[in-house]
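My structure is below; once you've seen it, I'll send some questions.
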């Protein structure tokens, strides 16, 4: 029987337009993250839409949230790597502290080195 | 090139029945949040269902999770504003500490002043 | 009018293959959690897929994220209870600190004692 292993990590929640999903996943692959999870078909509104008062519901504006959990230094590198992308495209990244429990022998979807 | 800007904020995850989504989004708009993201088609179970042992799967009970990220004082105001609503309707709010990285020039869906 | 009640709790985000959802929910029911929320139809990739460079998109590999919020001691018990499961099945659990606001008289989907 294995012991529980807890690791303090950073969780990144990267919210972008669905059409930009592959770009972000490619960047994560090149950063050698060990996994990620994608939540599909989110809707949302940013400040730019506040005055029009409508949600971004057309197909191009369907959002995805890409969740990955990485060590702190890798989190910083990923944020740096995303900066040019976010100068051209809508999105935001939430960063939070998290403990990851690797309970078994299998590799994890969604993260953690 | 822009520097990365980190801000300590509160993340609110507001889980309500789908039919109540517009009420909550209207309240967030009136609170002048700068953005939010909606995760659709969640299912769930609260304590009221524990004895019946079934999920809330009928159409009226499809849940949504509305994510918004705001300064701490605005978080408190939003929670106050939601109190009358939650005296009539099912739901819960999770509050957590988060860092928001505004990586580019675009406004963010899902939050952050 | 009720006061706001804040409680410090642990949020568990349990990501497993969709076909394993019922097993995890049964375990949570037996642990007497007061609620949970399920986010459906996630995709993801774990380390095992990194070399093939493709997402797990076939039907069996659709993922779900089960969110529950519990006191710290119950979180530890649930993680222990999941260990044999994760020795046989793909998945990961993220644990984070959270404040739960019970705003009204109704029970909460997605958690909190």
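Here the chain labels run A, B and C in written order, and each chain numbers its own residues starting at 1.
As a working rule, a residue touches a chain if its C-beta (ideal position, glycine included) is under 8 Å from a C-beta of that chain, and two chains touch if they have at least 3 such contacts.
What you see is a predicted model, and the numbers here were worked out from it, not measured in a lab.
A.B. asks: Can you work out the rotation angle that lays chain A over chain B using Cα coordinates, in steps of 5 degrees?
C.D. replies: Best-fit rotation on C-alpha atoms: 120 degrees.
A.B. asks: So chain B and chain C: same face meeting same face, with over half the numbers shared, or different?
C.D. replies: Looking at both copies, the contact residues mostly diverge.
A.B. asks: Suppose each chain is reduced to the average of its Cα coordinates; what separation in Å results between chain B and chain C?
C.D. replies: 18
A.B. asks: Would you please write down the residue numbers of chain B that are in contact with two or more other chains?
C.D. replies: 39, 41, 96-97
A.B. asks: Help me check something: in the complex, which residues belonging to chain B touch chain C?
C.D. replies: 15, 39, 41-48, 50, 53, 55-56, 63, 65, 79-80, 82-83, 85-97
A.B. asks: In their shared complex, at which residues does chain C touch chain B?
C.D. replies: Touch residues, chain C against chain B: 1-2, 4, 6, 11, 25, 29, 32, 34-41, 69, 96-112.
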